[in-house]
Amino acid sequence: MTSFAPRSPLFPGMTADRRSLQLRRIRNNSQVMTGGSILLLILLIALIGPLLTPSGPYETDTPNRLLPPSTTNWFGTDNFGRDLFARVVSGSHVSLMVGFSVALITSGLGLVIGLVAAYFKTADRILMRILDGFMAFPAILLAIAIMAALGVQTENVIVALSLVFTPYVARVVRSSALVVKEQTYIESLRAQGASAYRVLWVNIAPNVLSPLLIQATFIFADSIITEAALSFLGAGVPPPEPSWGNILFDGKTLIFSAWWMTVFPGLTIMLVVLGINFLGDGLRDLLDPRHKSIRK
Amino acid sequence: MLIFVLKRIGALVPVLAVVAVVVFLLMHITPGDAAAVMLGPEASAADVDALRQELGLNDPLYIQFFGWLGGVLTGDLGTSPFLGESVAAALLSHLGPTLSLAILAELFAILVAVPAGIIAARRRGTLIDQGFMGLTILGISVPSFLLGLFLILCFSVGLRWLPVAGYQPLSAGLVEHLRYLLLPALALGSMQAALIARMTRSSMLDVLGSNYMKTGKAKGLSDFALTYKHAFKNASLPVLTVVGQTFGSLVAGAAVVETVFNIPGIGQLIINSVDRRDLVVIQGAVLLIAVAYVLINLIIDILYGLLDPRVQVS
Amino acid sequence: MTPQPLLEVRNLSKSFHGRRSGDAKVMKAVDDVSFDILPGETFGLVGESGCGKSTTGRALLRLIEPDSGSVSFQGQDLLKMPRKQLHSTRRQIQMVFQDPYSSLNPHRRVGVILDEALKIQYRLPRKQRTERVHRILDRVGFAEDYYYRFPHEMSGGQRQRIGVARALIVGPQLIICDEPVSALDVSIQSQVLNMLHDLQVELGLSYLFISHDLSVVRHISHRIAVMQKGRIVEQGPTDEIFSNPQHPYTRQLLDAIPASHPRLARERRTALTTPVS
Amino acid sequence: MTNPALLTVTDLKTSFLTERGPVTAVDGVPFTVRRGETLGIVGESGCGKSVTADSIMRLLDEKDASYSGSVELNGRDLLSLPETEMRRARGSELAMIAQDSMSSLNPVFTIGNQVIEAITVHQKMSQKDAYRLAISLLERTGVPEPEHRMTQYPHELSGGLRQRILIAMALSGNPKLLIADEPTTALDVTTQAQILTLIRALQSSSDMASVLITHDLGVVAEMCDRVIVMYLGQVVEEADVDALFDSPQHPYTRGLLASIPEIDGDRSQPLNVIAGRVPTLHDVPTGCRFAERCDFATDKCRDSAPPLEDVTLETVDMLAGDATPRKVRCWNWRHIPMNTSATTAKAIR
C-alpha cells in the first residue's frame, strides 16, 4: 500500500481502477447504450429534421392529399396535403418538450415532498394521505379530467401531467429516503448534534438522487405516452399544432386509405419510448445495487 | 383477522376524503365560470345563470362541497345538462362494455404474464429470459391506443379477420361478444401483461436467491416443488400488489381503447363529455373509477393478509 | 478516596408501548438503571440481545428520550438540559456505532465526514478544520491521502477506525461504544480494541463499552455491569465479576462462554456429567 | 486407523463468474471426515468456508458457479452425480443447517408444513405418520409444546427455537453427514451453548459425522475433533483440535489464536494484530497468499506458493497420542520460533 492510483476527473474520488470499471459497466450495459443511441438519433432528427422537409408542418397542398410515402414526402401526406414527416418532426418538439418539462417539474416537487415526508412524521401522515388520494385516480383519467376543467391547451398538458405524476416521484423519493434514514450514519449525525437541515439536505438528499433519476426517466416516457393519448382523444395538444397523438387521431378515420398516417407517427412514439425505457432499465441496473444481475 | 380487515377499511376513509375533494374541485379549477365554460360561447346569459343555479355555483364553496358530498353518498351524482339524464344512470348504462373489456384484458394479462415471468426467472440469463424481457420492454413502450391502431391495421384492414370497431353485448352471443372484444382486450392487456411479467420475474428472482430456498434445496426438494410451492406463494405477493395498483390504469386505459374501437363504454362517455365539457359527467365517472380502484386494493390488501402471516402482526 | 464520577446515571427508565394502538403491552426496555463512569475508565455493559444495553446507551445521549431518571455529566443533568446546551455538551460525549458499513455516509469522502463532525460543533476557518482532520487521520493510523477516500474503498476495520476518529475529532471525554467490534473479524477486532486502549491511555478518555461478547468486555473494561431484561443484575470490578459472580444470571452467562482450549471444554463436560461425590 | 473415511474431498475448486472476471472462491481444498467425527472449518469472512459447505451439497446456482475436483461420500462422487440423484442424497445422506434461522425458514408456511415436507420428500408415509414423526423430531431437538409449534409460523418463534426446527428438519432423513454452516452465529451466548449441547448430544446418539463451519475458535474448541483453517480460498493448516490449540504451525493460525481476547487470558497484554488486510479474490498474490501480512515472510514466500505439506511425522513427537494427519501450507513453518505470541502460555498449561 504505497502508491495510489490517480483520481479521475470524470468520477471524482474514484480511483482509476474503479472508474474504468464504472465506464466498462456503462459500455457493457447494452440497454443504456441502445437507449442512449436511440434517443440521440431522435434528438438529432428533431433538430435537423425541419431542414430536410419539402414543406412546413402547416402548409396545406390540397391537390397532393393523401400521397403515400415517396422520395419527396418520406412519410407521405395527410388529408390536407401536409407533409407528414414535417408534422411528425414538429410533433417531436411538442412531445419531447412536454416529457422533459414534466420530468423536471415532478422531480423537483417529488424530491421536496418525498424528503419532507420521510423526515417529519406529522408531515408524513398528512402528505401521504393526500398522495394516496391522488394516486387512487388512474393517471390518464385524472389528466383527462384536469384537461377538461382547465381547457385544451399545450401548457395545460404540462400542468395536468405534472400534477398527476408528482405523487409517484414523491413516493419513490420517500421510500428511498426512509431506507437511508435508518442507516447508522444518520443516527450518528444526530448524536453529533447535527441540525435537521444538515441531516436532510446534506446527507440524505444525495443518496436518493439515483432512484430519483431512474424514476424521472420513466416519468419522461410516461408523459410522452400520456400526452400522445390525450392528444389522440382530443384532450391534449389542440390542432392544427401537430402532435403525435392528434396526427394518429386524424389517421384513425383514414385507416383504410392512408396506413402511413398511423404507422409512421406510431412507430416514432414506440421508438422514443422504447429508447427511454431501455435507458431507464439500464440505469437501474447500474445504479441500484439490489438489481445487480450477477451475485457473489 | 376481523380487526385487520376493519383497520384496513378504516384506513380508506382519509383516502376517500381526498378523492372526494379532488373530484369536487375539478368543477372549480376551471378558469372563469364553470357554467359558462360548459355551455360554450354561444349560450345566452339566462341559460348560464340557470345552469349556475342548478349546479349551486352561487353558494359558498364549503356549502357546495357538503351539498355535493351529501348527494354522492346517497347515490345522486347530479344531472348532465347535455344528456338530460342523471349521471348515475348514464354511468350505469355504459358500465357493461367497460367491465367486459377490463376483465378480459386482465385475464389475458395474468394468464400470459405470470407463467412467462416464472419461466424467465428460472432461466435467468438465457435467450428465453432475454427474449421475454425484451418483449416486456416493448409492451411497456407501446401505449394501448397505439397497439389498438396497429392491431386494427393488421387484423382488420390487412387480414380482414376481425371487425374494425364496434361492440356486441354478451346477449348477442359469447362468440360474437368476444369477436368484437378480442383486439381491444389484447391492446389493453399487453402493457399490463408486461408489467406483471416483469414483477413476477423480479420477485421470483428475489425469492429464488433467498435462504429458505437454499434450505429447501438442502432438504432434497425438487426444482418443481421449490418453484411452485415455496417460491410461488412468496413471489405472488408483490405480483398481487402490482395487479391491484395497475388495475386503475387498466380501467383508464379502457377509456382510451374504447375510443379507438368505438366501444360504447364509460371511456367513450368521458371522451364525449370532454368534447362537450360536461364536467358533471366527468366528475361522476372519475369518482366511480377512483372508488372502484380503492375497493379493489382493499380486497388485495385482505388477500395479502391471508397469504402472508407476517402482515397481520405488524 | 474515590474520584468524582464523570457520568452518573440514576434510575434511568424507558418503556416502549406495543406497536398496535391501544395495546396494553408495555415493554420495559430500560428499568431503573443506575451506574457511574469515572474519568479515564472503561465501563462495560454486557447482556444478550434485547436486554436494553443499546437503548441505555442511546438514552444517555437522548437519541431516545428516556421516561425518567437522571444522567448527570460533570454535575449537570443531560435530561433536563435545554437543546442548545445539550448541543454543546455533545462535544464531550460522542458515540461509536456497531455497523462499520452503514455508519459512514457512502456518498461522502472520509475527509468530508470528519470535517462535517467538526463543523457541527465548532465555528472554525476551513484551514484549521482541514488541519485538524489530517491530524486525527494520522492519529488513527491513516496516510494523508485517505482524506479523499470513499468509505466503500476501505475495509471494515478501517471504516471502524474512521468511526472512532469521527468521535475523537471534537475532543470528547466520554465515548459511548455500541458493539464497536462485533461486526468485525477477530484479527481486525484486535486492531480496534488495541487502538481504543491506546487512545484511552494517551488522552485519558472514558468509555461506556456496550457489547454482548463477554471476552471482549472483560479484556477492555475496568468495571462491568450485567444487564438482563432492562435491569442491571450485577455490577462491579471486572476481575471480581469474572472470578466470583454473585447473580445466577451472570453465572449462567459465564458458563455459556465457549472454552478457550479443547482440553478445558472436555474438563468442563466431564465435570458436568460426573456427579460430585 | 480403524475408522474409514465417510467423506473425502479432493482438490475441490469452486469458481464464480463475476462482472470483474472469474474468481476461484475455493481453491483446491482437500479433507476427509470419518464416521462419527466432527471436522471444523475455521476462517474469517471471505475465506471460502461457506462456499465449501455449499459446494459439498451442490447448492450453488450452477449458472454462475462451477466445481472441479471430487467430493466422495461413501465412495460416490457427488460432483459427478446427475442432479436427480444428488437431490435424493440431499436431506437423506447429507443434510445441512444454515446460519440465519429467520431467513432459512419459509415465512409463509407453518413449521408443521415445513417439517413434514422434509420427512415426506424422502420417505413414503401417510400424512398422519409423518405428523407423528415430525412431533417426535421436535421432541428430540428439545422443542417445547411440539403440537402447538407445528401450527405456528417462523416469525412467531425465537431464534433458538427456529434453529432447533432447522436441526429437526436436517435430522429427518437420518443423514450420515451433517453440515452446519455457522449454526450459532446469530444466537446469544446462552442459546448458543444450548444448541451446541444439542448437536453434540444428537451426534453421540448416532454415528453421524459433521462438518462445522465457524469463525469462532471457541466453538471449535467445544465441538470439533479435527480442524482445518482456511485463508483466501485455501486450507493453510489441518490438525487434531488439541494439536491446533497447543502448537499452531501456520503463522496465520497463530496470529488468529493470539488476536482473540480470551476469557481467561492476560488482560494487561495488548492483543495480537495481524497487519494489513485480506487481498480480494480478484488479485490473489502469486506467492503465499498470506505473505504480505506475515511477519516471517521471505522472498521465497512472495515468489512461489507453498504446497499443503503433510507434516504428520515431523510433529508426532509433540503429541501424546496417535499420529493424526497434520498439514501446513508454509515454506518456513519449521523455522518460526514457537514463543512468538500468547499461544505459548496456553501450550504450557
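For clarity, chains are labelled A, B, C and D in written order, and residue numbers in each chain start from 1.
As a convention for this text, a contact is a pair of C-beta atoms (placed from the backbone, for glycine too) under 8 Å apart; a residue touches a chain by one contact, two chains touch by 3 or more.
A quick note: this is a predicted structure, and the numbers were derived from the prediction, not measured.
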| task | Identify the chain whose mean C-alpha position lies nearest to the mean of all protein C-alpha atoms shown. | result | A
| query | Looking at C-alpha means, what's the farthest chain from subunit A? | reply | D
| Cα centroid separation between subunit A and subunit C, in whole Å? | 48
| Interchain centroid distance [CA atoms averaged], subunit B/subunit D, Å | 54
| task | Please work out the Cα centroid separation of subunit A and subunit B, and write it as a whole number of Å. | result | 22
| Contacts with 2+ other chains: residues of subunit B | 125
| note | Touching at least 2 other chains, the residues of subunit A are 1, 295
| field | Residue numbers on subunit B that touch subunit D, as the complex places them | value | 124-125, 210-212, 214-222, 225, 230, 233-234, 307-310, 313
| request: Give every residue of subunit A touching subunit B within the complex, in rising order. | output: 129-130, 132-134, 136-142, 144-151, 221, 225, 228-229, 232-235, 248, 251-252, 255-256, 259, 262-263, 266, 269-270, 273-274, 277-278, 281, 291, 293, 295
| query | Where on subunit D does subunit C make contact in their complex? | reply | 44-45, 188-193, 196, 215-222, 224, 241-242, 245, 255-256, 259-265, 267, 270-274, 277, 346, 349
| request: Name, in rising order, each residue of subunit D that touches subunit B in their complex. | output: 54, 57, 59, 63, 87-92, 95-96, 98, 100, 103-109, 117-118, 121-122, 153, 155, 166, 169-170, 173
| message | So in the complex, the part of subunit A that touches subunit C is made up of which residues? | response | 1, 4, 7, 13-15, 18, 183-185, 187-195, 198, 202-203, 206-207
